[in-house]
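Each in structure tokens, the structures are laid out below.
Each of the two complexes below includes subunit A, the first together with subunit B, the second together with subunit C.
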Partner chain A sequence: MRYFRHPGFLIGVILLTLLLIVAVAAPWIAPMSPLETDLANTLAPPSAAHLLGTDQFGRDVLSRLIWGTRISLQVAVAVMALSLSLGMVIGAVAGFFGGWVERVTVSIIDILLAFPGFLLALALVAARGSSLETVIIAVALAFTPRVAAVMRAVVLTIKPRTYVEASRAIGMGTMRLLFLHVVPNSLPPVIVVATVSAATAILAEAGLSFLGLGVQPPAPTWGNVIADGQSFLASNPLISLSAGICIAVMVVALNLLGDGLRDTLDPQMRRSSGRVL
Partner chain B sequence: MDRLLRQLSQLAITVFGIVTVTFFLVRMIPGDPAQYMLGDYATEEALATLRAQLGLDQPVYVQYGLYVLRAVTGDFGSSVVTGRPALEEILFSLPDSAILAFAGLVVAVVIGIPLGILTAERQGSWSDMLIMIVALFGISFPVFWLGLASVLLFSQELKWFPALGASSGGGLLTHLHHLVLPAGVLGISVAAYITRLTRSAMLEVLGQDCIRVARAMGVPERRVVWRLALKNALVPILAIVGVTFAWSLGSAILIEVVFSRPGIGSMILKAVSARDYQLVQAGVLVLAVAVVLVNSLLDLAYGLVDPRLSTR
Partner chain C sequence: MSDTLSAPPPALELVDATRVFTRRGGLFKKAGKAVRAVDGVSLTIRAGETLGLVGESGSGKSTLGRLALRLVEPTSGRLLVDGRDVTGVSKAEMQAMRRDIQMVFQDPYGSLDPRVTIGQSIAEPLKVHGLWDGDGPQKVAGVMSLVGLDPSRADRYPHQFSGGQRQRIGIARALTLDPKILVLDEPVSALDVSIQAQIINLLQRIQRERGLSYLFIAHDLAVVRHVSHRIAVMYLGKVVEMAERDNLYRRPLHPYTVSLLAAVPIADVRMRNRRRTSVTMGEIGSATNVPPGCRFHPRCYRARLVAAAGGVPTERSGDALLPRACLIDQPELRACGGADQVACHFPETPETRSEVATAVLQDIGYPPIRPIPL
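Entry: the complex of A and B
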């Protein structure tokens, strides 16, 4: 695999694999329950029993961070799947059918791109209350237009190629053409955008949780742990700092993956994928 | 002139689209805003009254028509909590946010663009590697975490800057003193994006034939990069600034909360927790329009930077 010769890509894959293992094995490797409170032992400094100390309810910070890996990965995967499938269909339809369908879709995409993604998610959560599902839907909706824009650009470059013309000439139906030629060829650049979306989705979820609008406490999300530690920044800085480092590790991994894919793919894609960052 | 008119009509269409989208997005997700605003134990009459007050008892197309008509006259509904018009609330907190966003963007541009050019010039060198690794971490740490970490370091440990507020009283100096940390954090986080994007824009230009010709003709490398290539990369770099403006508005909300500064972000957040969703809707609308306005201005600037684009 040529991808694995890219050092950044390799580091990204290794980091993500480790995080995946942590997420799957959370029940076994977490020293305690992430929700178990111990009011006799609140805000404890790091010790053998609590490697990263405890929070204001005496919950083990390390265990909360380990379980938080699950929620973050869940958000990343769900947002990626949702925005990828929606965005690809919208972009493919716009690029492939052209005409007024394309004009209308493109202007809708442009309008949606004007919204700061985080703000869009914030508005949706504000109107409908916050839960893991709302957060995922909100962030995915914010990223769908970005995927759609890239998908359309790719489809436009594939459409005039000779093999597509040839397939059409021998009577292949539009749908078959789309799924046999257009979709597979557009996957790599779209996946690059999706990786970046997943990275940003994790930051957005953390931001929403930090504002108290994400996954509701006491759920152990990294954003919640940072918010919990904010009031005790002076006395127990480790709570907030360690959770932030967890977020950064996962986002770095996803960004390295995206950079690696982009560099290895057609260098021409560098610009179009860079633009949507 | 023709270009300006076309741009203005495009702007009008986009703003209309934004108004439409803010209306429908909020209604697309299932659930009843009235129920959410009043909670689970609300009586049927209270719900009906609030629905009537918000216009939710009417068919969607009537609601939409009224919403657009009111928006055209600058009426975005009023805050359920304070009873004041939403637009008034927003305009009141706009200056604080604008100052923060502008200061942050200046920091980001001043740091990000030169670093992006420098790394492109020295592609593959250790300084390029180092800067790109720092930039990677810069875009990977949540901006609010960077804010908290800087409070910890610069306010609590070193005591250089105040951690909270925007100093309502006091002179210009105290105001600036309060601005340094939030604008610095916002700027550095956005600078990481700008550095990465500027670097790829420059690398792309540096690969073009005209640059190869200039090098072959013996033009000094310094001049090739900072004069010829930079001139060609200015339009993509301006576009990058436009893209990051939207991003930095989102970050500014979080920064305002971390540093307890007044502003649109704090206002929207307060409105969210009060379930004052008309105010939230109006706030989001105003920020989206701000993004569109900034990008239209940049579009106009493209013509000034690149004469080829102004004749098109």
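Entry: the complex of A and C
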């Protein structure tokens, strides 16, 4: 498999696989319930019973982080799927068809891009009330114009290629041409943007949760754990720090994956001896 | 005209085809000037014939080639394939028309999708036209062998092939639908000289075997000489000369053709050293700002010679003295010496040939040309 010759890609995949296993197996590998409070044992330092200590309600931090992986991965995957599918279609249509379709779309994209994505998400959460779905929709909406802008830019570079005209010359219809030749050749840069956007989505979810606008406590998310720990940064830094490290690991893993995909999706980079899966 | 009823219709016919490109104005920019890339061109290609189409960059020859496939829609004029008018036909009929007329592109690197195996690329026309069936793989292998490619390499990607091989792939792809006409848009310009000969031989062999008609577009007169039966010379969107191949090289009528001949590279060193004449012309004029009268007059040596010789009404234009006719009247394409046509007020007929044209013809000599059977 050519993909796994790329070290960054390999590391990214391994990390994400581990995170995925943790997320799926959370009920079995978490030492205790992430919601169970133990008011007799609050803010405990790391011990054999609580490997990362407990928070101010005596909840096991490790268990909360393990369960938090689920929510973070859900957000990442859902945001990526939503913003990628929407943004790609919008960007491809705008770039490929041009004319007034493009002008209208580009204006809307520019207006949306002018808002900081986080503010857009904040506004939507404020309007809809906070829940996991709202967070996902809000972050995905903030990212869709970015994906669309990149997609349009890439499609504009693909459109004048001779093979596009050659496909018209054999009588290929516009839609078939768009989805058979233009979109596949536009994918690499867009996939990179999408993986980065997944990483940023996790950050955005953590940020919103930290502000109390994301997934509501006591649900275990990494952002909530950081928020819980912030009052005790001086005495118990491990609470916020361990959640921060979780976020960093997932963001790095997604970025490595994006870089690896960018490099390996380019057919010129394929070094195999001819037959490629 | 009397024999049009009995003779088979030409494979391809363009009647007064015109294509005007305009740049639409935006909020802050003015609308661009109209560019008449192809300006009232009529030509026919008979079955099994190669028509060479020659002109500099910007002469509109590539646009004309695309008009023939309706890759670019004509602004006005008509397009007939096999005697059938396909100018305004529906999408479905267009689809059928595309089976008869295919194109080979100049850039062998860019004309193939890098993510698609060459076998799939060659099969694609069949799939698009709903002709893919159990025989499909055999058909693909068939055209691959025809163009000299090993069918066992069908599952490879374009970047694994050389430029010449990719051009063979492009030709194979154009042949899958078994068309009657191929538009060849500078098919060898991007290739090494040694590969050019191979591709040209291949094209000629295919033409003989399948009775194809070619519209062979080139930017100089060197390559078309070997492949064409007739040659049309284009300048700023208009055909200025249309002649039988040998006539064009032995008695070029239009001063522009003479200028192009003066630029033909000469392979024979002794001949090349004897070359005395070069006709300097400067850059091609702008298609957005076509000069009045004959559009070639700003670059025409002949107009200056004719004016200097006297005997015609003349007028100053810039620092040159030119015949008034060249400045005012746009010459139409008219018969001049048999079937050959020229659009010039003072063509270089054998009787009136200028010393410039004589010298150019002596320079290039009459190297023997392999005859191509029609």
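The definition used in the following text is that the second predicted complex is superposed on the first by the 252 of 277 C-alpha atoms of A that agree within 3 Å, B and C clash if a C-alpha of one lies under 4 Å from a C-alpha of the other, contacts with A are read in each partner's own complex, and residues count from 1 in each chain.
In this section, a contact is a pair of C-beta atoms (placed from the backbone, for glycine too) under 8 Å apart; a residue touches a chain by one contact, two chains touch by 3 or more.
Note that the structure is predicted; figures quoted are calculated from it, not measured.
**Student:** Tell me which partner A:Y163 touches in the superposition: subunit B (first), subunit C (second), both or neither.
**Tutor:** The second partner, subunit C, only.
**Student:** For A:N185, decide between first (touching subunit B), second (touching subunit C), both and neither.
**Tutor:** second
**Student:** In the superposed arrangement, which partner chain does A:R176 touch: subunit B (first), subunit C (second), both, or neither?
**Tutor:** Second partner only.
**Student:** Mind working out whether A:V22 is in touch with subunit B, subunit C, both or neither, as first, second, both or neither?
**Tutor:** Neither subunit B nor subunit C is touched by A:V22.
**Student:** Which chain makes contact with more of the residues of subunit A, subunit B or else subunit C?
**Tutor:** When the residues of subunit A touched by each partner are counted, B comes out ahead.
**Student:** Touching subunit B and also subunit C: which subunit A residues?
**Tutor:** Touching subunit B and subunit C on subunit A: residues 270, 274-276.
**Student:** State the interface residues of subunit A toward subunit C in the complex, per the touch definition above.
**Tutor:** Counting only subunit A, the residues touching subunit C are 161-163, 165-173, 176, 181, 184-185, 267-268, 270, 274-276.
**Student:** How about subunit B: which of its residues touch subunit A in the complex?
**Tutor:** 13-14, 17-18, 20-22, 25-26, 29-31, 33, 36, 136-137, 139-145, 148-149, 151-152, 156, 193, 196-197, 200-201, 203-204, 236, 239, 243, 246-247, 249-251, 253-254, 257, 268-269, 271-273, 275, 277, 280-281, 284, 287-288, 291-292, 295
**Student:** Using the touch rule from the top, collect the residues of subunit A that touch subunit B in their complex.
**Tutor:** 107-108, 110-120, 122-129, 134, 137, 141, 199, 203, 206-207, 210-213, 223, 226, 230, 233-234, 237, 240-241, 243-244, 247-248, 251-252, 255-256, 270-271, 274-277
**Student:** For the complex, which residues does subunit C have touching subunit A?
**Tutor:** Per the touch definition, subunit C meets subunit A at residues 69, 71, 94-95, 98-99, 102-103, 105-107, 110-116, 124-125, 128-129, 155-157, 159-160, 170, 173-174, 177.
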